[in-house]
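Presented below are the structures under discussion, each in the form of structure tokens.
Next, two complexes with subunit A in common: one pairs it with subunit B, the other with subunit C.
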Partner chain A sequence: MLSAQNFGESGKMKEYHYTGPVEHRFSPYAFNGGTVLAVAGEDFAIVASDTRLSEGYSIHSRDSPKCYKLTDTTVIGCSGFHGDCLTLTKIIDARLKMYKHSNNKTMTSGAIAAMLSTILYSRRFFPYYVYNIIGGLDEQGKGAVYSFDPVGSYQRDTYKAGGSASAMLQPLLDNQIGFKNMEGVEHVPLSKDKAVQLVKDVFISAAERDVYTGDALRICIITKEGIQEQNIPLRKD
Partner chain B sequence: MQHLYRPAAFVSGKRGSSSTKMATLAVRRVPLGGFSFENCKRNSVLESEANKVGFSVPTARKTGTTICGVVFKDGVVLGADTRATEGMVVADKNCSKIHYISPNIYCCGAGTAADTEMTTQIISSNLELHSLSTGRLPRVATANRMLKQMLFRYQGYIGAALVLGGVDCNGPHLYSIYPHGSTDKLPYVTMGSGSLAAMAVFEDRYKPDMEEEEAKRLVRDAIAAGIFNDLGSGSNIDLCVITKGNVDYIRPHDEANKKGVRRGELEGVRLTGDYKYKRGTTAVLSKAVNPLDLELLEESVQTMDTS
Partner chain C sequence: MALAAVCGDKSVYGQIFSGKQARLFDRPNHFSFGTKIQEFAVPVGNEPSSFLGTCNREEGVRIELDHGTTTLAFKFRHGVIVAVDSRASAGNYLASNDANKVIEINPYLLGTMSGSAADCQYWERLLAKECRLYKLRNNHRISVAAASKLLSNMMLGYRGMGLSMGSMICGWDKEGPGLYYVDSNGTRLSGRMFSTGCGNSYAYGVVDSGYEEDMTVEEAYELGCRGIAHATHRDAYSGGSVNMYHMREDGWIKVCKEDVSKLIHRYREGMF
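So, the complex of A and B:
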């Protein structure tokens, strides 16, 4: 069967080679979709994620949130391969308990972030396929966001989006929270209500254009009073 | 443009006069025997040249769709969702997937968006000329034959999976047409990435000789199953009901998903959800005005031949 693939670069026909038996490899990873977002304020932090778990063109679950509570002041959002997300959160929980038992105090957000970085890097050559974002309060009670890549590189941020719709959300956050690309606008510090409203609006937009994001939005608001959760429905298609 | 369309035979209006000239049934040049691969060489050269400069050949946008059709007592009902995707990003939230072929025949298209659009337009055009030549309303079987012969000629490279339905002198007909050129004539068909979800609904509730309302509900539910369970389909449900002498193109029949309402709009008060920018927010770095000095050299009027 003649086709474009039979012609080489110069336009002449390529020689026909029999390639022999082809080995099909098993892939240890799957992509389960999902978007995570974290915002740090003056005395609060917000971690939000959608609740859709998908694979290929199908939906596994409409109610699988990606925010996991670690301590009273820290929440982690994990998106990517769901198997690795579950294992990673189990490992973090175990390490938190070990720390509590040996040091008689709860781990701080910064300490959890540093520990997660080492956990991820220990699997440098067979990584956890997870995009992590930690949101919480630091020792001074100020909001903190730490964002990670799959092998453990991290930094402290004011806001960060991760997961399948991250490329759609991040520019909007840069503009609305970071006041980028705007002239002559007063840099008002972000209030808790404004931040929650922004997160809701931004996820509504992401659900419009990203097929992996939708169903519902889970928002975890972390203040010194504790962690408050909200559920908002999103598009289901 | 290669053509066999001879205006004289039609302007005179007398079919008898065409007996002296060759009866024109098709407008394309009769294809030479075998397959034509003229463009393969050119395409591979273009691709390699593009890659050298660092560009990649643009990928076709697919519709990742749910389309279906059902034959009922007096005609056919065709249904489609309205989402077009480019990879896993929604490119168009409200595109129209039910295409016009002739006044009594419509066609839903899944697969590569450009392919379904152009294929249906080409066959629609040819079918209109054919219908003028025969003097009769076109038949669904004719459209089916034209589509399958074209798709087979391109050996599946035209990625168009179609659901063709219509009512002609022999009654209502429904066909499904695959990109390689095979067709099936059936009482109910589904195509696209959401076809399994839609077919599940059909297999549960289809009965022969349904009433129009029942058939519309069935098609609406089948497309809704595709919209909610398939990530490649979404947004609204379009329906097309074709009966003898009447076509109802209902777009949208059902707005299954509305965009989430932002709190600012709902309460009508200037709240936190306001994303309008004040004038001057975008920085103007520099401004340069170049007036063009133009001289009027000559003025002439050329009349068009409108006879």
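So, the complex of A and C:
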């Protein structure tokens, strides 16, 4: 069924009658969909992503998670154009190794975030089409989330959603974790189990309403013991 | 020179710099990751400033960068007041309501950010590095005039390539309180009061009508808050909270971080 909203902007339904000469050009970018989310707690961090890889009306893969493990205390979630995600994570891995060899220690989450900002900015004039969110533990062992725009501007947050369903998830997180728009509610800090349950619920909602999100959910829970992964099925339609 | 290097114009680059530096080009089989000298990738054939606009018309691809602000700063008898909002928008989506738009370069220098968030963060971080190197090499702190000149020269190197940055460099050095406005066109102006960003006209109106050279410190704080609060009230791309700093002879202090909606309520109550 076609809804009444499907005309006008690019990226939606194309008109099926011939209107005249049409210019086709090569685009270096494509949109592969996917949603990423990260939450920072008192002594843990969670990075979660769906595992659907799509392009236009097709699904290329149902098992392509968007979380990549960088170190024992840091995970990055990348969504947008899959080609740029792969290249970017390869470059970050190489830079991590270079740092380890020159400085004899693993990069901390804050340092990785600052480095990623300069890597993204080196492509200021031909950006990586990737929305990144880094989740990990900082030097004091507290949870940290760093969110980026495609050219490298970043800031530290408590929670952030990125990718195709970000505009649906972010207000929900603002309400449940940030206690925004609620009166007379006690601000209890989030426990790890409540946070994991919230992430699952939030992704189930996203899969209901966003076509590019679904299939399965991969959650990475980062604590000082290490990184634990969970896979939860989502709607496959 | 930076533009010639970025566009890979070997003839100009070879003449101006010695031959061995030309080897640092980004060849496909040798990737130096930009760790030794800073390299910028440029789309072939296209004008860099309009490249993103052409990509955004393809199906589904929307690359939107964080933008939008109101910042203001003014000098008065007891130093310099710097007040900024905290909203970062990407197209029509609000990326963040608590962005940090003031960079603390050293205890005597502050830089504000407006325009493209990534451009401001990157070039002002680079400015902080250059100021630190200056201090290490010359054994005294860099002056506000010199710091703002460094930033404006960096901007001039990339003029016409689509950078968007409007910044105010504020500090206290041997000459006293200093306030310079620097932007991505290469403008560099010294002055008593500036406001930048899309909400600047509202802030100018409020601060111009309440400004007096010999205000007390409390009155100056109130004026700074009012300027930003009224600008956020009327400008869609500004909002969040007011971050205010006071630059004094012994360094800057952070005065307050107040939510704009609370401020507007307080002013409304005073009105009726």
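Here are some notes:
Everything below uses one rule, namely that the second predicted complex is superposed on the first by the 214 of 237 C-alpha atoms of A that agree within 3 Å, B and C clash if a C-alpha of one lies under 4 Å from a C-alpha of the other, contacts with A are read in each partner's own complex, and residues count from 1 in each chain.
Everything below uses one rule, namely that a contact is a pair of C-beta atoms (placed from the backbone, for glycine too) under 8 Å apart; a residue touches a chain by one contact, two chains touch by 3 or more.
Remember, predicted model here, so these are calculated numbers, not experimental data.
Once chain A of one complex is fitted onto chain A of the other, the partner contacts of A:Ala207 are limited to subunit B, with no touch recorded for subunit C. When both complexes are overlaid on chain A, the residue A:Leu53 reaches neither subunit B nor subunit C. Of the two partner chains placed by superposition, A:Ala113 touches none, neither subunit B nor subunit C. By the touch criterion stated above, A:Ala216 is placed in contact with neither subunit B nor subunit C. By the touch criterion defined above, A:Ile134 lies against neither subunit B nor subunit C after alignment on the C-alpha atoms of chain A. After overlaying the two complexes on the shared chain, residue contacts for A:Ala94 are found with subunit C alone; subunit B is out of touch. Common to the subunit B-facing and subunit C-facing surfaces of subunit A are residues 10-11, 56.
By the touch rule above, subunit B contacts subunit A in their complex via residues 35, 37, 40-45, 47-48, 64, 83, 85, 88-90, 93, 155, 157, 193, 227-235, 256-257, 259-260, 262-263, 271-273, 275, 277-278, 280-283. Listing the residues of subunit A that touch subunit B in their complex gives 1-11, 54, 56-59, 164, 176, 181-185, 193-194, 197-198, 200-201, 204, 207-212, 233-237. By the touch criterion stated above, subunit A contacts subunit C in their complex at residues 10-11, 25, 27-31, 56, 81, 91, 94-95, 98, 117-127, 129, 147, 149-155, 157, 166-167. The touching residues of subunit C, when paired with subunit A in their complex, are 6, 33-35, 38-43, 48, 51-52, 54-55, 57-66, 88, 90, 93, 95-96, 98-100, 116-122, 161-163.
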